[in-house]
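For reference, chains read A, B, C and D in written order, and residue numbers begin at 1 within each chain.
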Amino acid sequence: MNFAELREVVCVLHAELVRNDLVAWTAGNVSGRLPGGDRFAIKPSGVSYDDLTPESIVVCDLDGNRVEGELSPSSDTAAHAYVYRHMPDVNGVVHTHSTYASAWAARGEAIPCVLTAMADEFGGEIPVGPFALIGGEDIGRGVVDTLEGHRSKAVLMQNHGVFTIGGSPKDAVKAAVMCEDVARTVHVSRQLGEPLPIARDHVDSLYDRYQNVYGQRSAT
Amino acid sequence: MNFAELREVVCVLHAELVRNDLVAWTAGNVSGRLPGGDRFAIKPSGVSYDDLTPESIVVCDLDGNRVEGELSPSSDTAAHAYVYRHMPDVNGVVHTHSTYASAWAARGEAIPCVLTAMADEFGGEIPVGPFALIGGEDIGRGVVDTLEGHRSKAVLMQNHGVFTIGGSPKDAVKAAVMCEDVARTVHVSRQLGEPLPIARDHVDSLYDRYQNVYGQRSAT
Amino acid sequence: MNFAELREVVCVLHAELVRNDLVAWTAGNVSGRLPGGDRFAIKPSGVSYDDLTPESIVVCDLDGNRVEGELSPSSDTAAHAYVYRHMPDVNGVVHTHSTYASAWAARGEAIPCVLTAMADEFGGEIPVGPFALIGGEDIGRGVVDTLEGHRSKAVLMQNHGVFTIGGSPKDAVKAAVMCEDVARTVHVSRQLGEPLPIARDHVDSLYDRYQNVYGQRSAT
Amino acid sequence: MNFAELREVVCVLHAELVRNDLVAWTAGNVSGRLPGGDRFAIKPSGVSYDDLTPESIVVCDLDGNRVEGELSPSSDTAAHAYVYRHMPDVNGVVHTHSTYASAWAARGEAIPCVLTAMADEFGGEIPVGPFALIGGEDIGRGVVDTLEGHRSKAVLMQNHGVFTIGGSPKDAVKAAVMCEDVARTVHVSRQLGEPLPIARDHVDSLYDRYQNVYGQRSAT
């Protein structure tokens, strides 16, 4: 994949945020970098999803400075940049204010792992990161500090929303979709009582299997 | 922008109410005026969103009397007119019965500012206006009295629904979309406990930044 | 309007049930008659909404016997027929299991009038009818006995779903859409406390105005 | 119907899972067999619903081994195979993590029969099956052991999701749609109080009638 293709991919993936009801108006963004690269592509700030084109996607260096594109990058660019600088295996980052994940975040409460789908995708609970103001490194640092050493690809930033990471932009979008899905199901379940816990060793074996057996092997 | 273009804009923005699930049947309306103008364009009463055309949009003077168009204007016209007469910087007004905002309104309860997205867009809580009967100046006065001196662009009218204002019709529609979005997220959050408050100075700095840094500068 | 046009109207209105999320699979139906007529047109039983055509719509006499069409009529035909026999001003009937209305119905609880939109459309609370088994006159009698002498065009049949009536099939569909909308908003409101009541004389004046002033006068 | 047609049917029915909001990303699958046959057709693992084609559908023998197709079959194949081996009248199986059904499953709680639509389709409550790890026969055995001798076509697998069965793939999809619909309505109803029970003999007569009278007779 070259950089023009990456901008195309990042552009198109925003449609998945809309299709999966993760965003209102312009409040959510996807970024991606090529493996090992020193630049990433990200949504321009305040632009409607309908109006996004590959050309409108902004390219930034790992300090978050725009190096290509006409528009100002997302106001969350500093957070994305921080993640790419500190997590070399991450090549996709997604940020949304999706309803159920943000509702847990507003209470500062982690989502407990009571669904096999959570064990599969996140390997346990989805943790909460600190309250942090936008504009500096605080949000990025909160994301990285919370996710390092954790199997979860999603973090609920207190009073704010959710950041997800992945080996590619598409992986990070999948994590954002699954995060909202399990945030909603666990919320609904807890409305009428306490969901049953899943034993830790069952969580582990579900996670291991899903990461290694699910889907199509590249050899196919 | 001339008046024909304003009617086109007002017509098209109603589709955003539908797309964002803010309205059932014909229960919601958008109006707009040209900056400094003495007329505004508004939805005709009881007409399906599918059937709206720029020509069907009704033009009224600031007392709410029809001056152009074949159809009767929205039954909420008097409220829109009152807002335009008393708030010279407002050039767009939206009224809906969107589910979550109306649910807070039915309890007469303001939405507390527990999300950074609320601090960004509304600068604090979304306040409640009085119960008022349709048909005279009571609704418009309730909207203006509640919003004057408040940073919020949205007001929950008790037992009724929501009015939002903006510097343009599109800004008012954005406020209506964001109001329902935060009304839903805070509702969901409170279903399972009390959301954490955001400190007042954090709310202030989030609001200042969003109003001044977010999006594309016109200079671009 | 002739009978071929009525079948077309009844066919097309089923799409509104789908668009407004009132039905799952094939569980909901619309019927209509021409004013003063002794026949009505209704959905065939168990046919997917995608497959409905004007020709597939079944015509029945007021005892519910098929007099035109190839397919078996809706299994709710006896209930529709009973309504037409006993309510001469009703020319449209809709039945759905829409989620929020059915949730109130499962508790056997009327929806209190705490929204101006409810006062407008229903003139007060939406009442509950008795539990009744399908197949005879019990459901139709329950609908008629509950709605006669009531301003509401909607009745929640206990443990079952909702029936709405109107002066035309479109009016009955509108009532079904508005019933689910207010059922949802009042439900959501009550999840976090008690909604404020609306004084009876305010309900009356809202109802009077909406029935007489809202929309476009036919003289226009 | 021949086997090419079955693959087409199984492919197309996945669109119903999407249209009815039963699935997030790729987390749900449909399978079908020809009556009396020793093979079944099933979704490939981890493939997006947009990308499914009849050719991508995998054919397996009743031990779950792929006998036709290029892709790896669903990771739930062993469970589907177990059902087909042990329930000779079942020719369609659907598995989803639909929100409300999974929320009941996470609490390990059966859905009580408090809606006539539940009595119609499921003949009583929707039962809960055991917690079981993916990969062997445990899930399939849990489905079969729970559904044998039960009128319900749906089982909530604890902490996991829902499996439904039917005489054809379409019947199983209908059961999955109706299961989520009643899971949601009963959940919503119970949020504000206890739904009223339906007497056992009423449940029986509703079930008998729906299974024998509803829809179009094949003789038509």
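The definition used in the following text is that contacts are C-beta pairs under 8 Å (C-beta built on N, C-alpha and C of every residue); 3 or more make two chains touch, one makes a residue touch a chain.
On a predicted model such as this, the values are computed, not experimentally measured, just so you know.
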| item | value |
| --- | --- |
| Other chains in touch with both chain A and chain D | none |
| Same or different residue numbers at the chain C/chain D copy interface, by half rule | different |
| Rotation angle (°) superposing Cα atoms of chain A on chain B, nearest 5 | 90 |
| Rounded Å distance, chain B centre to chain C centre (Cα mean) | 31 |
| Between chain D and chain B, distance of the C-alpha-averaged centres to the nearest whole Å | 44 |
| Touching two or more other chains - residues of chain C | 191 |
| All pairs of touching chains, each written as two labels joined by a dash | A-B, A-D, B-C, C-D |
| Sites on chain C touched by chain D in the complex | 24-25, 27, 44-47, 70-72, 75, 97, 99-100, 102-104, 106-109, 131, 133-135, 158-161, 187, 190-191 |
| List of chain C residues in touch with chain B within their complex | 20, 114-117, 174, 177-178, 180-181, 184-186, 188-189, 191-196, 198, 202, 205-206, 209-210, 213-217, 220 |
